Structure formats: structure tokens, C-alpha cells
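Letters A, B, C and D mark the chains as written, and numbering starts fresh at 1 in each.
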Amino acid sequence: MAHLEKVFRDPVHDYIHVENQIIYDLINTAEFQRLRRIKQLGTSSYTFHGAEHSRFSHCMGVYHIAKTITDWFTKSYPETWNPEENLVTQCAALLHDVGHGAYSHTFESLFATDHEAMTREIITAPSTEINAVLRKVGPDFPEQVASVISHDYPNPQVVQLISSQIDADRMDYLLRDAYYTGAVYGQFDLTRILRVIAPHEDGIVFRVSGMHAVEDYIVSRYQMYMQVYFHPASRSMEVILQNLLQRAKVLYQLDQEYFAQTSPGLVPFFENRQNLHHYLSLDDGVMNTYFQSWMSNTDDTLSQLASMYINRHLLKSIEFTQDQEQQLDLFSSEAPLLDQLREFVEKEGFDPHYFTGTHNNFDLPYDFYRPNSNKPRTQIEILQKDGSLTELSEVSPIVASLAGTIHGNSRFYFPKVMLKNPEFNQLIRTNL
Amino acid sequence: MAHLEKVFRDPVHDYIHVENQIIYDLINTAEFQRLRRIKQLGTSSYTFHGAEHSRFSHCMGVYHIAKTITDWFTKSYPETWNPEENLVTQCAALLHDVGHGAYSHTFESLFATDHEAMTREIITAPSTEINAVLRKVGPDFPEQVASVISHDYPNPQVVQLISSQIDADRMDYLLRDAYYTGAVYGQFDLTRILRVIAPHEDGIVFRVSGMHAVEDYIVSRYQMYMQVYFHPASRSMEVILQNLLQRAKVLYQLDQEYFAQTSPGLVPFFENRQNLHHYLSLDDGVMNTYFQSWMSNTDDTLSQLASMYINRHLLKSIEFTQDQEQQLDLFSSEAPLLDQLREFVEKEGFDPHYFTGTHNNFDLPYDFYRPNSNKPRTQIEILQKDGSLTELSEVSPIVASLAGTIHGNSRFYFPKVMLKNPEFNQLIRTNL
Amino acid sequence: MAHLEKVFRDPVHDYIHVENQIIYDLINTAEFQRLRRIKQLGTSSYTFHGAEHSRFSHCMGVYHIAKTITDWFTKSYPETWNPEENLVTQCAALLHDVGHGAYSHTFESLFATDHEAMTREIITAPSTEINAVLRKVGPDFPEQVASVISHDYPNPQVVQLISSQIDADRMDYLLRDAYYTGAVYGQFDLTRILRVIAPHEDGIVFRVSGMHAVEDYIVSRYQMYMQVYFHPASRSMEVILQNLLQRAKVLYQLDQEYFAQTSPGLVPFFENRQNLHHYLSLDDGVMNTYFQSWMSNTDDTLSQLASMYINRHLLKSIEFTQDQEQQLDLFSSEAPLLDQLREFVEKEGFDPHYFTGTHNNFDLPYDFYRPNSNKPRTQIEILQKDGSLTELSEVSPIVASLAGTIHGNSRFYFPKVMLKNPEFNQLIRTNL
Amino acid sequence: MAHLEKVFRDPVHDYIHVENQIIYDLINTAEFQRLRRIKQLGTSSYTFHGAEHSRFSHCMGVYHIAKTITDWFTKSYPETWNPEENLVTQCAALLHDVGHGAYSHTFESLFATDHEAMTREIITAPSTEINAVLRKVGPDFPEQVASVISHDYPNPQVVQLISSQIDADRMDYLLRDAYYTGAVYGQFDLTRILRVIAPHEDGIVFRVSGMHAVEDYIVSRYQMYMQVYFHPASRSMEVILQNLLQRAKVLYQLDQEYFAQTSPGLVPFFENRQNLHHYLSLDDGVMNTYFQSWMSNTDDTLSQLASMYINRHLLKSIEFTQDQEQQLDLFSSEAPLLDQLREFVEKEGFDPHYFTGTHNNFDLPYDFYRPNSNKPRTQIEILQKDGSLTELSEVSPIVASLAGTIHGNSRFYFPKVMLKNPEFNQLIRTNL
């Protein structure tokens, strides 16, 4: 065998095979190797200690699923699938998350970064190693790969394989996160789905003989959101992280030298002048190193929050509804409930701006196509034996029960010691 | 149920239960949480991308196995096992690796640190949170826990559960590393072993009905060493890491300010004045942050090595034997073989001191007790039905084939580009 | 360890431990060993070739789950669970299916036998080995065990552990059938459920922290019914089996000697004078042996049907609704649709009485308690943190979507050769 | 997709795909379907209750592995593998065990049948359905398939895939038996082996990068023999079965009518005039049906043995060596040891000819090629990177420890009640 054959042992997919030099070269770029230093699940690894896997292994898995599908299409559907799409599909699969940064979600809301824009820039900017590899295929190839990820690629089959309600990305992360957390409910029959998936003129469909496997995938997705991704303890870490970075941003204005010394990589972000290079130099380890420095800062709020994050001292929380958030206390009728709780926290000596927080987690497990929605979803199509297409929730009562309905909750976080405050406790018990 | 019951989802052991407040408090100390930031397998995660788990999850697993065994002994062997040993055994299991630092093996050889001494210090020094928790049990308790780990505890049953050729530590890491790498050969029948393990007056024995499970454990251990722990790619990363730190140590003498700025946590080690606090402040993320800074240092050697490590650009390698290392080249008979190879590397413009290296990995999969050895091993004893004890290799031809024999190899590492040098290549082909 | 300890290797539960002599003696009775000769899934093994496991292994698994629960209750709930219930619960779990016969469902409808009544008789009749073992516990003990299975035992906790919408029986068969068929969708988190199950004054409840595990169990149950238990191919075998036994019953009246020679064990059933002894002497192997004899009978219908069953030559099928069954053909308006199809079959030379059939499979995946129903179900109760109980479907939208709704279909079976008949085909295509 | 595509859910291989009409037609023959009625592991299912799988599922698995290999060879080794061999290889894989009968080993020694000769006859006799299907490929095709199984096919690559020390047959049965018994030690890395297997001019070789996977396969094989296949309880059932059939054979001479009525299928064998048709009409269910009839025979020996077999009342056993078998008792020096034991059994009222027995189980886990042996084995060849071949045990110390050495033991079986006889017990204890 003269051709390239690299094998990666993967606990989820057994072996991942790379037989194309472009793919192999992409894996070896600095921008892709950087994904080893960013955890796939962010703060969830503090709740599910087994789930410390990185975005690197997830991206390898998405590539593997995309390769399996495109190989299968090439062999089985010569009339509806064009094998020239294989490489662009596989590259997009591998690179779809390359713009993710450390603690992306928290970071993005504070510093107005956008991992999707970053992904595009890493792929298309001539300065990156990834761009150089992709250009070997052709001058337009980087742009093509980027357009798949941004849904602008002309062939909807390719776009849907990478990004739809059942795509290579989601299939890998559900299985992988289930494997690493140990959550059996996240498993579904990938082999079956990869056998009934088929290219259609307008996109991707699933033969009816595998309908129940697709249905089970939707349920697995729902279960993973409810039990893993929305876990209150991980969200506590996110609230602490957000408050910590917020505090640092404020303090930076007062003592720029301190932050330039202890956390130089964040300075461009504090000054709102970050570029691609700055973005790529941050990762989980760099951020945690900064936080560890801050633990000995003289500002009590900064040092306490940093210590809480590094040593995993959680804020406690209670669930609340939007109604309750607005709700006036029945007796005093002076202030909305959460404001009252924040007042108690303040009385105990905590700045509520930094030692409390709200966290909302909501998910729409599945939806059919709603043309008038501002973000319409590509619905999952079941290919009947007579060649007609049926939308998934029409044939599955379970999926119908989840379609279009939002699941999740809002939680209010506060210092654990507040549970010893009788009035605070009373307020919670009678109103929440 | 009034008692404490904390549950940790673990992908290897399903669920880990903590029902003792002391154990729970130990887990929540800063020193133990720090283990989340140190990878269990060090550089192996660069070869087996799935194996990114931390020492935290391993320590949880060792605790779980120790708890399972002590609960079983308490129920089944009231005459030979003293339940008062349960807590000290479980604490020692949980804490046995607490002194591990970032990239321990490489680090220790360069900076004369010792993770076993560190473990003892973390447990017995009054300044640590762990010590404070243990003192709640009794003033001597920290010392007792430490003595189990250092093999000085009077009850050999307890010592052997934590440290012997088949102990809670090894059983967890084999299963865990197998799970995360995806290596099926690392699996063995833990349930069976935990059923046939028994306390004996002088230590721990295994009932003969489980002999084959124990035998299979020894084979699994051997396979994991050969296929995972000794993998040439991971060792390449170790050679780079060692050379990188070596170079930094040398450069520190020339430019102390640079290192104080970019890598303050390493300064005490460069100056050979480190203490416990310094040691605990280093972890994988901190080290990688420093290496990332060094990538833009003006010293080419430092920046190149840092870049090779961070971006995973491996040195290539060939196996050699001790004979070959000494061997004179047949034609020139001027210098030993490896020296000649180093010369070629130098001619290509690489400093061989920093861009080559040798790496030896050898393991003794099992040995019976050799009283005259300087580190005699506790042999594995099989309890026959008549009550007599037989050493494992006497009843297992497979174990006998591995007992007392050393497996592994030595490898010489060099820059990949050397493979294009015809003379270098010729020298390798004809001599190795 | 002086006490009994027998270990059974089980692929689903790893190891099953028997520590009570009564349980061990029950396993060794002739009536229980007989379960080895009856397949758990009947004709499904002809569709899922991996699923050839017997009722013996299922009953061992149900015992194991019941033992795990009662051990857990004994340890954790001394105030709400009486340990004196342990043995009766475990015996009932082990024996709950002991009255099952060969191809129970088909057999029962033809010969008016009832496996539940048989279970009771096997347990309470003084002639059985099982009864003799149980009497060693006490004279009333057989009756107590039987009353658990028939829901008459006074303690509802015990009854619900053996028979409710989430009991030891269902939990084992879902996991076991999933393991043997290879159906990943049948898996759920048994460990978690066994941790949150709790005794309550009026029965069994599940702590809210495990609600999603219970929810996932309901979905697994639904998936197994849809994909495994209701598979059209297995039902084809059931139709053939039913028609075969029907034919034999008719022919017996014409040639009693033939059947006395080839299938003596069925004679008492043909003559409607069967007793316990007759019932216990039939099993899958005996029945198949009879069918193999019948393959050379001179009656073409009998021999063909026997051959179809033994050699797995299936009838084909189409789904129909009750409306369609009654429906008059649009053109001829002469006869209901299925009658017309049967006419075509007859024209092709097949007796429609024996070479066609309808098969209905419907399941109610879950229901809440309906006091006015003629078979009200014990609903699944979730124990909230404040001690209150909530019915499962109130907190789970997925379960709500399945609660009270019936799933399944009716199929019409016919000879495969009919698919070549253009008129038959036309009739199917335009109407079904 | 116009071509045939049949999918079989398999718990070991996930899905088995059939894309060739010939293979599908072979599966649907009466002779192949018959394998559903014969357990893969014979009496082992009485020891490992989970292992009730049939030869049918094993044969499907062997076909699947052979198909995976031939597809891989076709794609990757166009120069050394001829794709025209694919079908004959797959047919031979599917049919290699089709001549197995009920309880083959016991049966063959008593009735001089030979399952390998039967396999050949089923394939080549014009009367079988299998032969008719194979003839559709060509008039010589049945003979070709048979010659692969009998090692006479000219291409050694094909022969070795079906029958060698590491072939599709062994790979499936080890994994399958491990899956169904629950024995984790039987697992090995099939995916890896199927990636490094390669055709060579003189047969099949394995690339050195997979050497440890092959080594682990040999260890798994050894473990399965020691722990599963040679289990004393299963062998007890075999001794009972052998004695039972022996007794029936003797009694047949005295009462032919009884056996013609209760066990007509065995009569041709009792009269030593069996043909293919007779052979094919026996299976596990038929045999057990006969044994159940014999339980009420008036001959106490026959009825007791039948009852012991059906109800699993085991004979007990002790291990002995050939030396001990010959050994004279130290005190009486009158008779060899086993004869003395048999005397005691007789004194207790049991006919030692039928209620005792010896059972030898020995295995040679691996051997290299020994040209002078009367059954030389094809050794396992490792393909080095330089293209040279090395025999496996030369590179694996573990395999070397097993190569050429025989493992197993001999056991003497006797009635359980003898353990209460003090003299018998004394004799065992002092001599065995």
C-alpha cells in the first residue's frame, strides 16, 4: 500500500483512519493542535470528573463520522452524491470548531468575540498554517471550506452533514460526552444511522427503516441536555467564572501594570483591541494560570472569586421562573424576589454584583422547519419506501412531544453560607 | 437516610460513593482539586488523544476500589480484618498520588524533586488543607496515612492494598488508561478479583478460584506497558520536554529577568530553593503557558523546542541496544555509533545536546520475592483450598514467562529532517 | 466464610450471587431447570439471531435485581422496610415466570392454558420440588410466594417490586433482551435506578434525583416494543405456529394414533384433559421435535406449515387499520378488503384459513393510575425533596407523550408468492 | 440501490451485511437453518447460563469476519489477492460448521460419525438445498467450497483464512463465547487484527504493527480454554451424556420397540446404518425430547442418567494425573487408584460403568510449524517492516511460554453422595 494511512486509536470510534495527506497536514497545524488545550465541555468537567476530553478529540470524531458517511455515499449513491464533495466535507468536519477558545461561552459574552467568526478567519486568513494547507488543494478551497461551516456552500447535502439537527458534529459530541461522563442515556445506534442516511436532491434524508434510531438520537440529545449540559454545579462554575472576569475587567482600569504582569494574554481583550493572534494564544491552561496568579491579589473580590474557581468552591442555587423573578414579595411588596435575595446577600457582607448571579439554560431539542422563524431549522426528513418524505415528528410521538418545546430552567446563585441565614431561607422556601 | 451520601459518576466504575465526611472534605481541599490540572498519562495524551484524564479521576478510582475491598473485608472476614483500618486505607488510597506534579518524571530528574516525598509533606505539613482535615480524626492520623504510602505502616494488609504488585492503584490505572485510550487489552475482570481478594495474617492473598483473573491482570499490565506506556511518540515528547527545560535552566543564568517575567513559577526551581508552596503552584496548564511564552524567545534553541512541544512536532527515533551504543562503526572505527549519529545531526545545523536524546523504557511485569534484591517485591500469593499459599508464577506458565524478565527498549531520538540525509540513513540501516 | 456462596457468571449483571440455601435449592429443582429449555423471546430469536437466551437466565436476573434492592433497603431504610420480606421477595422474583411454557402466548390462546395459574400451581402443589423447598421455610411460605406473584400479598412494597410498571422483571428483561439482540436503545441506567428506588408506606417510589433515569427506562421500554418485540418477521412465525397447531388439533380428530406416536405430549391438550405434569413436559425442544415429525405427514397443510416453521419460510405481511379491515373495495364494493385478499390467496391454491392470518400487537408504554379502569395500573411515583409524591408523567414531557396512548399495529399475513399476483398487488397498493 | 442488502443485527459484530444472493440463499436453506437448533457450546450452557447461543449465530459471525477480510484485501492488496476468491472464501466461512450435530463430540465418539465428513457431504451431495444453491455459481463450486474446508483448496491464503491458528472461525467463537458467557478475558482487538492481516504469496501474515494484538488473541484463546471450555461442571454433563447414550445403546438390543417409539431418530444410529438424512434430523431439542422420555423408563440406570442430565444433577469430580491413574495404593497395593475408587462407588450401589467416568481436556494453545509432526500446524507469521517474516513466538515471550506446551487436566467423576463416604474421602485426600 503506497498511499498514506495514519491510524488514531479512539475510544468512541475504535480507530480513526486518515488516508488523505491534506487531512493529515491539517491535524498537524498549530491552530488544530491548540484544540488539545481546550476542554470540550468547559466547566462540566468539574461536575463529571471523567469528562476531561478536549475539542481536539471531538473534532477528530466529527471528521471520522463525515468520512464514514462520504465513503458510504460514494459507494452507494453514485447518482445523487458527487464524490468531489468528499474532501471539502471532511475538511469542514475537522475544522468546524477550530475557532473555539477557552471557556468560549463566558468569554464571548464578556469580550464580544465570536467563535464562528474566528473559525472563518482561521480558515481564510493567509497567515495561518491551516490556510496554507488548504491552499494546496486550490486557491478557492479555504473559502469553500469556510462557506460550508457558515451554511453558504451551494450544495445543501454538504451543509447539512456538518450542520443540521442531526449532523456529524452532534452525533460525535453526544456519543463522546456520554462515553466520558459515563452517561448511558447518551448512547444511540450510530451504526444504524450511518446505514440509513442518504443524500437527496435537496439535502440529507434518513430511510424509514432507521426511523427509530433517529428518534432515539433525539431522545439521547434531550437527556444529555437535561442531565449533563444543564447540570447546576457546572453552571455555578460558569457564574463564578463570569463574575471573576468581569471583576478583572473593572480592576484593569485601576492597575494595568498588575494585569500586564500576571495575565498579559488578556490585556488586548481588556483594551478591546484583540486580533487573531491574541485569540489563539489563550487556552484553558493559560486562563487557569492567570486565575492562579489572581488568587493572591489584594482585591478581596478578585482573589476570592479566583480561589473559588480554581479550588471548586461552588455557589449554591435555586431554580426560579420568570414570573417569580418579577414577583413582589407577598408581605413587604417592596421589591422583586431576586432583588430581595440580593439584599440579604449584601447584608452578609458579599457584593451581590460578584457573589450572586443568574444562569439560564434552555434548549429546543428538535423543531420542524418554520419558514417564518428568524432562525428556521432544517427539519429531519424520513424517506418512505415509496420515495416520499415525511418530517420526523409526524411519525414519532416521542419526537412530537419534544418538537417546538423549550426545556431548561433559570437558576439564581448565591454564597453557600446564605443557607444559614434564616430570613434568606424563609424567603426561598415560601416563594420558590 | 441521615448520613452523608455523595455520588460521583465515573465512566470506569459507574458510580463512586462517598459516605464519610472526612473523605468528602479531603476531595474538596485545594491540594486535591489541584490534581484536576495534571494529566494522568503526561505526554501519552499526545499519542492517544482520548487519554486526557487527570490524576484527580484516577485518585477517585483508587479510593473506590479500596472502599469496595474494605467494605467486603468488613462483611466477609471479621476474624482476619480489623474494620478500624477502613478509614486509613481509604484515605491513603485517595491521597497516594497527591504529591504528583506536572510532568513528574521529567521534572524530577531535572530539579531533584520527589513526588513521594511531596505526598508525605502534603499530608503531614500543618499548613495544608489536607492535613487539617486528617487531624480531625486524630493528631496522629496524618502520620498514619503517610506511613501507609511509605510502606511503614505496621499492618501489611493495609500497605499491600495500596502498594504491591496488585493493588488498588494499579488496578484502577490499568482499567482507566485502557478505557480512555480505547485499548481493549488493558481490561481484566475487576469484579472477580474483588471477590477473591482476601486478608491473610501477613498481607493480602487471592483465592485460587480467581487465579486466572489475576493472571489476566498481569498480562493486561504487560500489554499496557508495551503498547501504551512505552509508545515511541510519547517518549519523543518527553525527550523534547527534557531538552526544553534543560535549555531554560541554562539560559536562566544569562537572563533571569526574562524568566521571572514569563515563567515566575519556575524561578525557585532554577535557583534550587523551592518549597512546598512553589511545588503546588505548578501544573500542566502553568507549564504549557510558560512554554507558549518561550516560543517567542530570541534563543532559537529555546523557542524551537518550545514550539515543537506545544505544536507536537516530534523527533524521530530508532531502537538501539546497549551493545550497539558502544559499537564502533565497521568502516571508520572512530567513534561509537550514537556519537557518529550526533555528529551528522550537528553537521545539519542542530545542536545535538538539545535536538537529540536517548530514552530508555524498561519494565519488570512481575517478580516473585527476592530477599537479597535491594528492592524486593511482595509476591502475589494464591490461597489454595487447603489453606496453603502458592506464589503466582508457580501456577501460571504465562506469568512465569514474564516473571523476573525485563521488557522494553532504548531509543535514540533525532530531527525528522535527518531521514533525508543519505549518510545518516545508511548508518542507521546497516547498524540498527 | 462458612455461609453458602454460589456465584453465577452473567453477561448482563456480571456476577449473580446466591447466599441463601433456599434460593440455591429452588434453582436446582426440575421445574426451574426446565426453564433452560424455553426461549425467553419465543419466535423473536428467528429475527434477532443473537437472542436465543432462555427464561432461566432471565429469572436469574430478576432474582439478582430483587436481591440487590432488598439488600439496599435493608441497609438504608430500616424504618420503612422490613428485612423479613427479603426472602419472600427474592423467591417470588426467581419464580415469577416458572409457569411459562413453550411458545406460551400462541399455546395459551389455542389450549386455554394460563401461565399465571400454572406458576401458582407449581409453587403451591405439594407434588412439585419447588413446593418442597419452599415448605422448608414454613408451611404457609409457598402460599405467600404465590400471593406476591398474584398481587394478593398484603405488603404493596413487595408486590410492586415484582410486578408494576417498573419492577425487577421488566428491568431485567429490557436489559437482557437488549444485550442479546444487540439493541443499544434498550439500555438504561440500572445502577442509578437501584440507587434512587425507595420503599414508601404504600409501595415503591423513586427519588427525584433519578427521575431522568426512570424516564429513560420508559423510553427504552417503548423502543424495545417498537423495534424488537413487535417485529413483523417474528409475528410471521407466530402466525405460522398458530395455524400449524390449529391444523394439528383438527387432524387429531381424524387420526389419533398418528399424533399419539409422533407427538404424545400434545395429546392431553388435544383432548382438553391436561394436568400440571403434562404442562411441564412440554418445552421448545419437544414442540420442535413434534413439528419436525409432522413435516412428513400426508396432510399437505400440516406438513407445509411445519416445514415453514422449522425452516423459517416466512409469510409476508402488510399493515392495516381497523377501518381498512372493514372497508369495502371502492370498485367492486362486494366484500371487506381482507376478505378479498383471502379470496385471491384461495384462488392461488392456498387454504386461507391456514395460509393467511392477522396479527395485532399493541402496547401501552406507560399509564397513570385510572381508578375506573378494569385493570388499573400502579403509577410510578417520584419522591420530591420535600417528601411529596408526583406521578411520573407530570414531570416528564416524554413520558406524558407516551402515557395512556397505545402503540403498535395490525398486520395481515399471506404467502410470499402472492406478491407476484398482479391483482393482489394492485389491491394492496391502492388500499393499504 | 438496486443490489441485495440484507442486514442482520448481531450483538458481537453490531450489524452483519449480506449483499450477495448466493450467501442469502445459503442462509435460508433447511440445512443451515437447522444450526439454530444446536447450541454452540453444548454442555457449557449448563455452567455459563448466558451462553445459550447456537451454531447459527457463530456461522453468521464467521461469514462476517471473512467478508470483512476479503473486502479489505480486495481494496488494499490488488497485487497479492485475487477478488475472485471472495465468494468461495465467504461460502466456506458460512458453511464450515454446517455438519455439526447435536452434542457432536460425545455423539461422534459413540456412533462413529464425523462432523467434518458430514460438512463435506452436505455441501457436495446433490440432494441438499445447500448444494443446489452452490451449483448456481458453477458445477464445480460445491466441490471448491468443500475443498477449502478440508484444506485441499490450492490457494493457501483462502485455506488459512478459514482454518489456521488464527482464522475467521476462531476469531468469531472466542469473541462470541466471551460475549455470551460474560468472560472479559476472551476479548481481543479484532478491529486491529483485521487491519494488519495481509495476504502473502504462501498464505496469510500479520503486519508487525499489530503483533501485540495477535499476541493478546493467543492469550485470550488460552484463557477461554482454561476458564470456560474446560470447566469441570460442563464436563460432568458430558460424562453423564456419554454414559446415558452408552446405556441406551446397550438397552436397545433388549427392547427395540421401546426405543423405536420414544426415540425413533436414534434407531439408525443404534443399528449403525445411519445416512445423511438421519444425521440431519437430530438436534439438541430432539435429543433432549428423547432423554425426557427415557426418564420414565423401567431401567433405573437409564432413567436416572436421563434425569440427571435433564435436571442438571451433576457428578462430582477430582483431578488426577496419569501417574496417579496407574498408581498403586500405598497400603493395600492391590489395585490402581481409580479402580479402588470405582470399587467404593460400586459398594454404595452405583454401577461404576455408568455412574463414574474420566474426562480429559487438553489444549495446545499455539505451536510453530513442526514439519515432522503428524498434524503440523501453520504457524503465525509476522510481517516485519523490511518484508521478512518472523514466526510469532520468536517475538513474543508470552506466546513462547505457551507454544508447544499442552494445558489441561484429567478428571475422575463420581456420584456426589460418595463425598459422605469416609473411606472414599480418605483415599482422595491422601492420594490426589
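Heads up, the rule we're going with is that a residue touches a chain if its C-beta (ideal position, glycine included) is under 8 Å from a C-beta of that chain, and two chains touch if they have at least 3 such contacts.
Bear in mind the structure is a predicted one, so any value in this text is a computation, not a measurement.
Counted by C-beta pairs in contact, the busier of B-C and B-D is B-D. Ranking all chains by how far their C-alpha centres lie from the centre of chain A, first place goes to D. Once the centre of each chain is set as its mean CA position, chain B and chain C turn out to be 52 Å apart. Separating the centre of chain B from that of chain D, both taken as means of CA atoms, is a distance of 43 Å.
For chain B, the set of residues touching two or more other chains reads 14, 183.
Those residues of chain C whose C-beta lies close enough to touch chain B in the complex are 1, 7, 14-15, 76-77, 191-192, 195.
Taken together, the chain A residues at the contact with chain B in this complex read 8-12, 14, 28-30, 33, 36-37, 45-46, 48-50, 52-54, 56-57, 60, 179-183, 261, 281, 283-286, 288-289, 292, 310-313. Chain A contributes residues 183-185, 187-189, 212-213, 215-216, 219, 222-223, 226-227, 397-398, 400-402, 405, 407 to its touches with chain C in the complex.
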